[in-house]
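In the two complexes that follow, subunit A is the common piece, with subunit B as its partner first and subunit C second.
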Partner chain A sequence: MKSFIVTRSQINSLAAELLSKNWSIFTQSEDRKRFKQCESESEISVDGNGKPSDVSFKELFFPKSETLFYFNRDNEELTLLDPAEPGTKTVIFGAKPCDAASVPVLSKVFNWDYNDEFFNKRVENTIVISIACSYSDESCFCTSVGLSPFSEIGSDLFLIPTEKDSFILKIVSEKGEKFINEFPFMIQKEFEGTFDLENQKASFPKEKFDFASVKEWLGKNFKDEIWNEVGELCLGCAQCAYVCPTCHCFDIVDENCGVSCGRRVKNWDSCQFGLFTKHASGHNPREDQSRRYRQRVNHKFNYYKQRFDEILCTGCGRCTRGCPVSIDIAQVLEKIQCKQSAAIV
Partner chain B sequence: MNQLIESAKDIFQNNKAAIIIGYTKDKSGRTKPFIAHNSDEAEKLTFNHHAVNNLAVYLTRLEKPKDGKIGIVAKGCDIRAINALIQENQIRRDDVLIIAMNCNGVVENQNEEFSKENTQIKCKYCQLRTPNNYDFLLGELEDFELPEDSQQELMNKLEAMTPEERWNFWESQFGNCIKCYACRQVCPLCYCEQCIVEKSMPQWIETSSTTRGNFSWNLIRAFHQAGRCIGCHECERVCPMDIPLTLLTRKMGMIAMKEFNYKHGMNINEPTLIGTYSTSDNEDFIK
Partner chain C sequence: MNIYKPELVEIKEIIDETPDIKTFRLKFKDEKLQNNFSFKAGQFAEYSVFGEGECTFCIASSPTRPEFLECSFKLAGKVTKAMRKLKIGDTMGLRGPYGNSFPLEEMKGKNVVFIAGGIGLAPVRCIIWNVLDLRSEFKDITIIYGARSVSDLVYKYEIQDWQNMPGVKTVVTVDPGGETSDWKGEIGFVPSIVEKVAPKNENTIAIICGPPIMIKYTFPVMEKLGFSEDSIITTLENRMKCGLGKCGRCNIGSVYVCKDGPVFTYHQLKELPDEF
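Moving on to the complex of A and B:
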C-alpha cells in the first residue's frame, strides 16, 4: 500500500478535524502512565522516543469493567436491557508497535468459539496510528517475540519519523486506507522512495531468548525447580496481567444497582490471584504462586501458540517495569532457554 | 557489601538460619528481593540505596522453613513491619533472625543516584534510621538533617478542603484504580489468609472497577490499616496508577498518635492499639 509524507501540523489538523466531528481521540498521557482521551489536538503525542505507557491501551478495546446487560424486576416481570452500544469512532495516536500488535492477538481469543461483539465493535470503530519506536530499555524484548520497533502488525496507519516534524505515513490496513481517504490533505505528497529498514536494525533491542526453544522446553517440563525460584518471590498481585496488552482473563458477576435491578458485568481477572482457580469445594489446583506463575508463562509462550498460533506477548516489558519485586519475565525465559540448550547437548 | 555477605555466610555456616531474605542485583542492574538458601547464594546478597522493597512482606507469605529460622535483611521501616507482625502475633521473635541495616534512605528510581533530597517520602520523616530490634546491625549512618517532608503540603491541602472537595479528590484518584491488588500484596500488614475482597459467597466488596467498586475497595483497605500502617509506602510505590494511598494510612497513623499516643511497630512488648481497650481512652473525637 501507499505511503505519504506528512508533517506534524498536518497530523494536528487531522486530530482537530476528528474532534470537530465528535471522534474520540486517545494518546499517551504526558507522564506516560496510560492512554488518555484528548480534548484538543495539541495534546496528541506522536513520539517514537518515549517510554511505553505504564498501562497498555488494552482498556480501549477490553475495558476493566464492562456491563453486558441490565436487569430489572418489576413485581413478577423481569426485563433485560442492553447497555449502550460500545465504541464511538476512535483514533489512537502514537501507539507503539508493541501496543498495536496486541489487537490481532486478542482478537483470536475473543473470536474463538464465541464472537465477543463488545470487543469486535470497539476494534471495528478504532483506527490505530502507530509510530516507529526508537526507545528501548533493559525491560524491552519485542525482538524476542517476533516483533520489532518497526512492526506494523495491528496498526491501521504507521508513522516513521524522518526529519524534525516530518513523517512517512504508511497505510497498513484497508480500514486505514478507507479512513485516510476521507482526509485528502493527508495524502497529497506521496512518498516514492524506499525506506531502508536494514539500516535501523543495529539499534533494535537485541534478542534475549529464542522463542522456539523456550516453547519446546515448556512443552516438556511442567515440573521444574525454576517455578519455585520465581514463585517464592512473586507476590501474586495482578499488576503484570493488568498492565499487559495481551492478558485477557475476565470474571462475570452480577451486581445490584438498586433493590430490584442490577447488571451483569465483565471485569478483568488474573491467573495470578489464588481465587482464580479456587473451586467451590475449597480445593485449589493452583495452590501456590509457583504454579500460578508457571501458568502465566505457559499460557503466553506455549498454550496460546498451540491454540492460536500467536505468542501471547508483544515484548513491551510493562510487566517487568511495574513488578513490585522486579521479576523480569525475559530473564526467566532466558533461563528457560539455557535449560533447553543444556538439554540438547 | 562485604560485611553483609560475611555475616550471611557465617549465619549459614553456623546454621543460625535456614534462608535469608535479602536483596540482590540482577544482570540488568536492578536491586530486588532475593532469597539465599545457602552460603554460595549468600554471595549474591547486596544492600544499597535502591533496596526499596519492604521484605517483611515475605515473612507471612513464605512457608516456614522446617530446619531453622528465617533470616531477613531489614531497614528501619522494615523492622517496624517485623515488630508489628510480632505484636499482632503473626510471627514469633524467635523464628526470625534480623540482619538490620543502618539506613540513609532509599531512592525509588533505579536509575537515579542517591541524594537525601530524592529519597522516598517515607525517608523524609523516618524515625528509625537506626533500627531498634535486631540480631545484627550493619552499615554506616551518615549524619544529616532530614530534608523537608514533601507529603506534608498535600496533606495540609486536603485538610483544608471541604468534605465535598475531598470526595472529588478521592473520586478522581480512586477512579484510576484497576484493582490489581498490588497495594495489598506488597503490604506487610495485609496478611489475611482471605482478604475481604475474596469473600465471594456472597461477594462482600464489588469486584468492578467503577467509582462505587473502587471506593469500596480502597476505603476498606485503608480502614484495615487504621493505626496499623507502619509507613513503608510500599502500597503507593507499586500502584501502577500512582494513587497516593499513604495519604490515608499516614493520616490515620497521625490520629492514632494524637489521640492515643500510639505508634505501631515501635515496640514488640507494647499491646496493639486496636487490640486493647482502656476506659481512659480518649473518646471526644467521636462525633
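Moving on to the complex of A and C:
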C-alpha cells in the first residue's frame, strides 16, 4: 500500500474536518493517563516519544461497563430492549503500536463461533492511526512478543516521524485506505523512498526472553515453586488486568433503576480475583493467589497461543509500571526461560 | 445479533424436590421458538431473573420430550434465591443451548451405567430419560444414585418408575446417618456402593456426575472394575457467565468448559491441568 508525506498542520486539518463532520476523536491525554476524547484539533497528540498511557485504549472497543440490553416490566408484561448500536464514527490519533496490536488479538476470542457484535461494531467504526514509538523504559518488552516500535499490526494508518512536524503516513489496512481517500489533502505528496528500519533497531527495547522457550516450559510445568514465589507477593488487586490492552475477562450483572426497569451489563473482571472461579458449592479451583497468577501467565503465553495462535500480550509493560508490589512480568518470564534453558542442559 | 440477550420463558410448573432444590418446568413465550428449540442431552443454558442476574444450569429434561424444558436448582446465591420466590406464570430469561453433549450415538448397542450424587442427578436424568425413551437401542441399564439423606434425594417420583422398568437396575443410597427408619435403599457413600454393585465393564459406557469429592473417589473404583478411561464420561460444573467462550471464567488450561465441554471423558480430564 502507498505512503505519503504529511505535516503536523495537515493532521490538524484532518482532525478539524472530522470534528466538523461529528466524528469522535480520541488521543492520549497530556498527563498520559488514558485516551481522552478531543473537542478541538489542537488537543491531538501524535508523539512517538511519549510514554504509553497508564490505561490502554482497550475501553474504546471493550468498555469497562457495557449495556447488553434493557428490561422493562410494564403491567406485569416484560420486554427486552437492545441498546443503541455504538454508531459513532471514531478516529484514534497517536496510538502506540503496542495498543494497536491488541485489536486483532482480542478479535479472535470475541469472534470464534459466536460473534460479539458489541466489540465488532466498535472495531468497524474506528480508524486507528498509530505512531512509531521512540519511547522505551525498563518495563517495555514488545520485541519479546514478536512486535516492535514500528509494528503496524492492528493499525489502519501508521505515522513515522521524519523531521520536525513531518511524517510518513503509511496506509496499512483497506479500511484505512478507504478512509484517507475521503480526505484528498492528506494524499497529495506520495512518499516514494524507502524507510530504513534497520537503522532504528539499535534503539528498540532489548529482547528480554524467548517466547518459544517460555511457552514450552509452561506447557510442561504446571506445578512449580515460581508460582508460590510470585503468588506470595501478588495482592490480587487486578490493576494489571485493568490497564492491559489484551485482558478481556468479564462479568455479567443486572442493575435495577427503579422497581420496573433495569439493564444487564458486561463489566470488566479479572482472573486475579478470588471469587472469579468460585463455584456455587463453595469449591474454588483457583483458591490462592499463586494459582491465579499462574493462570494469568499461562493464559497469556501458553493457552491463548494454543487456542487462537496469538500471544495474549503486546509487551506494553503497563502491568509492570502500575503494579503496587513491583511484580515485573517480563522478569517472571525471564526466570521461566532460565528454567527452560536449565532443563535442556 | 445480540448473543447476550435471552429469550423469554414462562414457568409452567414448580416441583419442590428437597428443602433447598426446586425444579422449574419452562416454556418459551413465543410458540415458534418453543417448536424450533432443540438441544442434546448434556447441554446447558443460561437462565435469568431480570433484575437479579443469570445462572448456569444443565437442561434437566430429555430432548425426547420437547414440549417443555426443565431445570433443577439448589439455593446457593443471589439468583437462585430470587428464583425460589418465583411463581407459576412468572417470566424468566433463557439463553442456549450451549456446550457439547453426551455421546448418545456411541452409547447405542451398549450397556449404560449412570452414577450420580446429589443434584448431580439433574444432567444425568436428562440422558437417563433420553436412553429410556429409546429403550430398545441400548442394552442393560444400571442407575446408581446417592444423596446425603433421604430428604436430599431429587426426582423421587421418577426413581420409582426406573425401578419398575424391565432391564433397568436402580440402586439408591444415602450417606450413613442420612437414612430414615423406613428407608429400604442402601446406606453408604456412592463410591462404595458402586464397588458393591460392580457393574460389568464389557461393552459398557459409564456416565458420572456429582460433587467433586464423589467424582474423585468414584473414578478409581471404576478403574478397578476395569472401565477404560474413554468409557467413563462426566460433566463439569465450572463457574460460567457467558456460556459463549468469551468471559474467560470456566477455562481449565486452554479448554473452555462452556464450549469444549461440559461433557468430558475421564481420559480427557486426565490430560488437563489439575485445576478443577
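Throughout what follows, the second predicted complex is superposed on the first by the 344 of 345 C-alpha atoms of A that agree within 3 Å, B and C clash if a C-alpha of one lies under 4 Å from a C-alpha of the other, contacts with A are read in each partner's own complex, and residues count from 1 in each chain.
Quick note on the criterion: contacts are C-beta pairs under 8 Å (C-beta built on N, C-alpha and C of every residue); 3 or more make two chains touch, one makes a residue touch a chain.
Not measured: the values here are computed from a predicted model.
Asker: In the overlaid three-chain picture, which partner chain does A:303 touch, first (subunit B) or second (subunit C), both, or neither?
Answerer: second
Asker: Once chain A of both complexes is superposed, is A:273 in touch with subunit B (first), subunit C (second), both, or neither?
Answerer: After superposition on chain A, A:273 lies in contact with subunit B alone.
Asker: Just subunit B (first), just subunit C (second), both, or neither: which does A:291 touch?
Answerer: second
Asker: Based on the superposed arrangement, let me know which partner A:251 touches: subunit B (first), subunit C (second), both, or neither?
Answerer: Touch partners of A:251: subunit B and subunit C.
Asker: For A:143, select first, second, both or neither according to whether it touches subunit B, subunit C, the two together, or no partner.
Answerer: neither
Asker: Determine, for the superposed model, which of the two partners subunit B and subunit C contacts more residues of subunit A.
Answerer: When the residues of subunit A touched by each partner are counted, C comes out ahead.
Asker: Starting from the residues of subunit A touching subunit B, keep only those that also touch subunit C in the other complex, and list them.
Answerer: Touching subunit B and subunit C on subunit A: residues 251, 253, 280.
Asker: Which residues of subunit A touch subunit C once you look at their complex with the stated criterion?
Answerer: Residue list for subunit A touching subunit C: 68-69, 71, 73, 78, 80, 82, 109-110, 112-117, 222-223, 248-254, 256, 262, 264, 266, 269, 271, 276-281, 283, 285-286, 291, 295, 298-299, 302-304, 306-307.
Asker: Quick one: in the complex, what on subunit B touches subunit A?
Answerer: So the residues of subunit B in touch with subunit A come to 26-35, 53, 57, 61-62, 178-182, 184-186, 198, 200-201, 203, 206-210, 213, 234, 237-238, 240-242.
Asker: Quick check: in the complex, which residue numbers of subunit A touch subunit B?
Answerer: The contact residues of subunit A facing subunit B are 31, 33-34, 54-55, 64-65, 138-139, 232-233, 235-239, 241-243, 251, 253, 255, 265, 267-268, 270, 273-275, 280, 322, 324-328, 331.
Asker: Mind pulling up the subunit C residues that touch subunit A in the complex?
Answerer: Touching subunit A from subunit C are residues 1-6, 8, 48, 50-54, 74, 76-77, 80, 91, 93, 211-212, 237-239, 241-242, 244-249, 251-254, 259, 273-276.
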